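Shared between the two complexes below is subunit A, which has subunit B as its partner in the first and subunit C in the second.
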Partner chain A sequence: MIKRHFVLLLLLLPLIWLSSCDLQGNHINDLQTFRMAVSSEPPTLDWNLATDSISIRIIENLMEGLTQFDQDLNPVPAVAKGWKVSEDGKTYIFPLHNSISWSDGKRVTAHDFEYSWKRLLNPATAAEYAYFLYDIENAYEYNSGQIKDPSLIGIKAIDDTTFEVRLRKPVVYFPSITTFTATFPLRRDIVEKYGDHWTDPANIVTNGPFLLKEWRHEYSLTLTANKDYYGGRPKLDAIRFYVIGESTTALTLYETGGLDMVSLPPLAIPHYKKHSEYSHHPFLRGYYYGFNVEKPPFNDKRVRQSFSMAIDRTAFPEILKGGELPATSWIPQGMMGYNPSIGLSFDPAGARALLREAGYPDGSGFPEVTAVFSTNPENLLIAQNLQAQWKKNLGIEVKLDNQEWKVFLKTLQTNTPPIFRLGWGADYPDPDNFMNLFTSTSGNNRTHWKNREYDRLVEAAAMEQDLEKRKRLYDQAQKILTEENVPIMPLFTNAQNLLVKPYVKGFRPNAMDITYLKDVWIER
Partner chain B sequence: MKLSVLIGVFVILLACIVALFAPWIAPYTYDQQDMSVILQPPDKDHLLGTDSLGRDLLSRMIYGTRVSLSIGLFTSLVAMAIGTVYGGVAGYKGGWADHLMMRLVDVLFAIPDLLLIILITVVIGREFWGIFLALSLVSWVSVARLVRGEVLRLKEMPYIEAARGIGAGSWRILLRHLLPGLRGLLIVTFTFRIPAAILSESTLSFVGLGLAPPFSSWGVLANDGWTAMRFFPHLMVFPGIAIFVIVLACNLVGDGLRDLWEPKSPV
Partner chain C sequence: MLLFILKRLLWAIPVLWLVATITFIVMHIVPGGPFDAEKQLPPEIRANIEEKYHLDRPFHTQYLLYMESLIRGDLGPSYKYLGRSVNDILADTFPVSIQLGVIAFILSLILGMGTGLLSAVSKGRGDWIDKTSMLMAIGGVSIPHFVLAALLILILSQTFHIFPPALWEGWEYTILPAVSLAAAPAAYMARVMHSSLINVLNEDYIRTCYAKGLPLRTILFKHALKNAAVPLVSFSGPLFAGLITGSFIIEYIFSIPGMGKYFVTAVINRDYPLIMGVTLLYGLLIVLANLAVDLLYFFIDPRIRKR
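The block that comes next holds the complex of A and B.
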């Protein structure tokens, strides 16, 4: 008997040894490893397709595009040496560095940009960010299927190091658009060879400061320094992104030395306000609830207005405690065009009157509706507060449902709920990025709302060079969006509340939550 | 009767009274939010403190008693009913019917409860009835096994054979002779099922699959509380104590009843 147990033990030993090896990680110098948490698995690392902040956060450390942001969020050259604009402001020429290479040694050429941008616009790709390039000649026509020939689009690699873009109208913010992940170059041979699996660590080819070394699903992503990076090898050896759903778990890991940076959950903020590692930053990120304007009862704009007017937004900073700024208008504070006087302010009596007009006096006869949000403690608190406010001020009991992030994104695409929670973080620091979101052609507009006048105003504002006139155009558009038609109800502007270990150097958070980690190092 | 049983009965009765008269006992409603008292530790206005939305924890726990107790009670009743009939028929019929029925039980037994519950709540929804049905539908299986075993034993007893010998029909034997023989087992199993169901509901709520907000049960409260554990322990501690006490009380009563009906039980 004892002998048999001994044999069994011997058999188990290698297993125990193997599993402990796994925990040790894989031979990366931990002294120069930056560790941070992401709240869920990135839905995709295909930069043409990524739309969410988690995927983007990883991609922006793997890749570089024509331009990138400096510390003050101005676009500066990256793969491009600079850019030349024609007299009429409609043609951009980007001369490229000729010494930048992909991680497999091939050179980054203008053809890689041409391929990527045309793939982004190809209707078969079904990229939600395709509308980002609609300022380009024939881009919309191609993306919407009106023309079939991609060579008609105003995108052209003149030679390996010259990339030409022809716009259909002059837009002031174009070099900002080219900082965005969806516009990064892409290798046709890689995508065609590996199909959907081209983003796997074994297949992916990138050009940025870090390389994707390992992707353990639902657990972690490891990036290692790219020694051939054209800007010089980054100081860090590696970055580890751990997938941690619970923000308090992430906080505990930070405190026990398992993470180097963490974003504070609401409950913890008051406890850390005086802590030396705590920092608070403004954030160009709007938090809103959208309505599906095609489904009753929210196809009636009076109902939407009423729901928005029934909410006392001063409650949110009380609940979240992170310095959030209540908002009834859409363009966030810190951006040109911000106008807090726009939007429907808290007016329970007015809200009830509108609801009565719409045929639901005191909420009676109102159909059962479910508000859907992605699983996250902050979202749960806000949802419960909205639920209570709607019940108190309108007499309507809204049901709540939370879904995991990936599932939630799918639900929004395939079967948009009557009310849903979303946020929007700036992709470039121009109001166009916020206002463009709700145009009829925007792939990220989940409300199904289409308004010609709104589209016209947003387009006119994008071309307007006169700042005052541009501001007036945005005011008009914001009134349509948040007062008259109300496909969305903005709630507040987020803030960032971070803890960063003192040995992390060179980490400078910005209002767009872009974390280029190439300049970060660790000094113990 | 032992003191421990009396204490158990007292606690259960008290919980039942709290559940029945919740709206009169609770100082606030379960969903009333007050932004001026967010995350207060216990004080004289809020005896057990408040949560992240300024809701009174005591009131939420009092209302939560309703959900937790009724889920415990009703799911156990349904599980007992299904399990007794199923196990009784299988054991009494024997042969291929028994074989077939018990293989189905084996299959259900092999699937983790949580998985089945998740499937059922996805279909029915996370309302009270969804949770209730899901828990009932997974917990009858073990009852069916117990009952079948006992019926197999009882039906070989001389008094059953005697009944059969004088020409009693199947139903008469099942209802008049077997069921009374099962009484002890059933009551004891029932008292042990209740705390198990309360715990299952708590587990379900704790992993975020329980009742949808704003309703509260002890499991929901414990789930809300654990993320705040480090900074606001009262949110976790009080619901935890409530679950602990009621489960202990049910077990004490169950132990007492078993001693009463099965005095010779070796355990």
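The block that comes next holds the complex of A and C.
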């Protein structure tokens, strides 16, 4: 009898232990809590080190830098009151507000910016986005170890409220770079005191509209309103970001009332398209196929042009159903310099003529080529469609090969395939971020294409103060890129597809996919 | 007995060393590195990062450095989750996986043994019980757990609103993932239990029990069950280790902050120290679970004790 009870107790013990375990999170059941999903754990909240969209989305609500974006993605003053540019365009002076404080009450000063920028450039920090500041005098030399003295870098806090930046060349979009999280100010005392753990909720010190209250790794982050925020206390009491990797899980939670906003997985878009909570927004992310211009047959630009002209790009939104915008030009919609009239449009007869000229009439004698892309259902659908279109319009059978993401990246580096798929998302909303990609010196130009005229135009545009002249320079450069030389074929730009509950007010997504939540409130 | 345990524990050291070495070599052979990304890094920045993590050193130096810190119990920094060590990550996520795994394990034991017992006893008497329970067992084995999870969410969360569809906030959040995890092992256990119990029930000593006029309950629970459970025990060890280290798919579907997802994501990210960390922890648990199984045999089966 005793033995039997003992066995029963033994079975029950783990259950008793489990029921005592802390499965319960800290609930903030306030009506003014906004709940949304992020697709993975933010790799870091150290804004010098963060490079991914999830970390950045959270940091953007915790912190403010010299400038931030307005709704049209133009940089506008934030911690800085504005900026003055010297006549030669090489020196920027940012006067700072003197009333903005950190969450521990200390004032935000120009020294916090100087420390942050020099830390970003310090080789020991090993920050991936240090190159964002390479346009600053001696920044590259310091980051690459050629000089050891950080005081030689063109970054200086002249006094508490004046921050000076000296550039090696005029860069008209420089204020756009200061909207970027990596350039936000940092507190030396906090970083030095807590080391790697300075971003823990108990240690972190911020200056933005929300404060980091709790970070349950791999599960959720809770931000609460900063009542001392210089722009006025935000209307929301709290934001809860849940880490939800599976997009259909997020959708189920949205439907059962667990989330207030959700990004729709492509498969669900047709079902929700007519839903009143559905909205669709442009997204500064381009999807393209590139050629290795050194490998035959794509070392002949007529072949490249022909391949680009043989694609009916209107097919892609029909396949992906995510409101993608077909594109023949490279600068995406929503960005200065966008010009949809540039690029090679669908012209099967013209494409065949060019192919004939190149020595492959109706595709005969065309060598075997393989298009390579990274394993992903969206990429597969697009690749299969391209394969069919090239077969139909050019008579060419292109083989397809997909590789796991990191293997694919290695292949691109070591043995660039004749045709490959890639994409690019904006780091800052300036066309330079897109156009610079295909200059001869860009590490991200995997096409092996080098064009001096293109390089010159892109460099001149980066320095051109006059907006109209700048647009013209980009038009010329885009023509070389997508009409004359065609090292890449832009296919479409992505879109954001959201469901937002009707009681969420003031929510305005932007094309950078940055969600500023300080103006959002809930009205039930 | 103590000597036996000590010997087995000492054996774990070379086993884990071998696991660590093979994993270390294989993950470095796989193409693609931790810092390859769509936005390729300038070579200077790549050099800074590689220096920080000693990835610029020769392979054997990297191996020795890793082994040295491993001996100190330091699993190294994660390359993906900057500023967090693998020790931190495992300390955060492993307890969650243990919680879910233990519930799923107990559930599969109760369901599996119960069903197996019921069907074996009712064989030849109430055939429909036997057939229904074995049919359920076949279903449990053949339906993948992600399909079952989706079905459970659809029916019990979206349609009837009985359980939450995901997240990890209280006991009610553990039910659906635990059932999804437990179904397949429970079904397998039911089948093993079924056939093993039928064999045992045909043994001479059970016939003797019947001849002595013992009631069925006593025969079953006092004499038959212990011997019938022997094959289950050997299965339970690795199952327990597998369940408490989490499941990538179940954690993903239910958004549970456990460590199971790292078995996949650490490899996708080429987060070398995290790959090593989860592999070694899993290896260690398998070794311990097998030791526990052997000890359990010792207690249940007198034949082993005599040897």
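As a convention for this text, the second predicted complex is superposed on the first by the 307 of 524 C-alpha atoms of A that agree within 3 Å, B and C clash if a C-alpha of one lies under 4 Å from a C-alpha of the other, contacts with A are read in each partner's own complex, and residues count from 1 in each chain.
Simple rule for what comes next: a contact is a pair of C-beta atoms (placed from the backbone, for glycine too) under 8 Å apart; a residue touches a chain by one contact, two chains touch by 3 or more.
All values reported here derive from a predicted model rather than from experimental measurement.
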Touched partner set for A:T256, first subunit B, second subunit C, both or neither: second
Which superposed partner A:T44 touches (first subunit B, second subunit C, both, neither): second
Partner chain in contact with A:K406 - subunit B first, subunit C second, else both or neither: second
Which superposed partner A:P377 touches (first subunit B, second subunit C, both, neither): first
Partner touching more residues of subunit A, whether subunit B or subunit C: C
First, second, both or neither for A:E128, with subunit B first and subunit C second: second
Which superposed partner A:A349 touches (first subunit B, second subunit C, both, neither): neither
Which of subunit B and subunit C A:E246 touches, first, second, both or neither: both
Residues of subunit A that lie at the interface with subunit B and also at the interface with subunit C: 246, 252
Residue ranges of subunit C in contact with subunit A within the complex: 30-33, 35-45, 47-49, 51-52, 80-84, 89, 92-93, 95, 99, 102-103, 106, 153, 157-158, 161, 164-171, 173-174, 252-255, 257-258, 261, 268, 270
Of all residues in subunit A, those that touch subunit C in their complex: 11, 14-15, 18-19, 21, 23-25, 27, 41, 43-44, 46, 49, 51, 123-128, 130-131, 134, 140, 143-145, 196-197, 199, 216-219, 242-246, 249, 252-253, 255-256, 258, 404-411, 413, 422-424, 427, 443-444, 446
Partner subunit A, residues of subunit B touching it in the complex: 31-33, 35, 38-39, 52-53, 126, 208, 212-214, 227-232
Touching residues on subunit A, where the partner in the complex is subunit B: 246-248, 252, 265-268, 270-271, 314-315, 318-319, 375, 377, 380-381, 383-385, 387-388, 391, 399-402
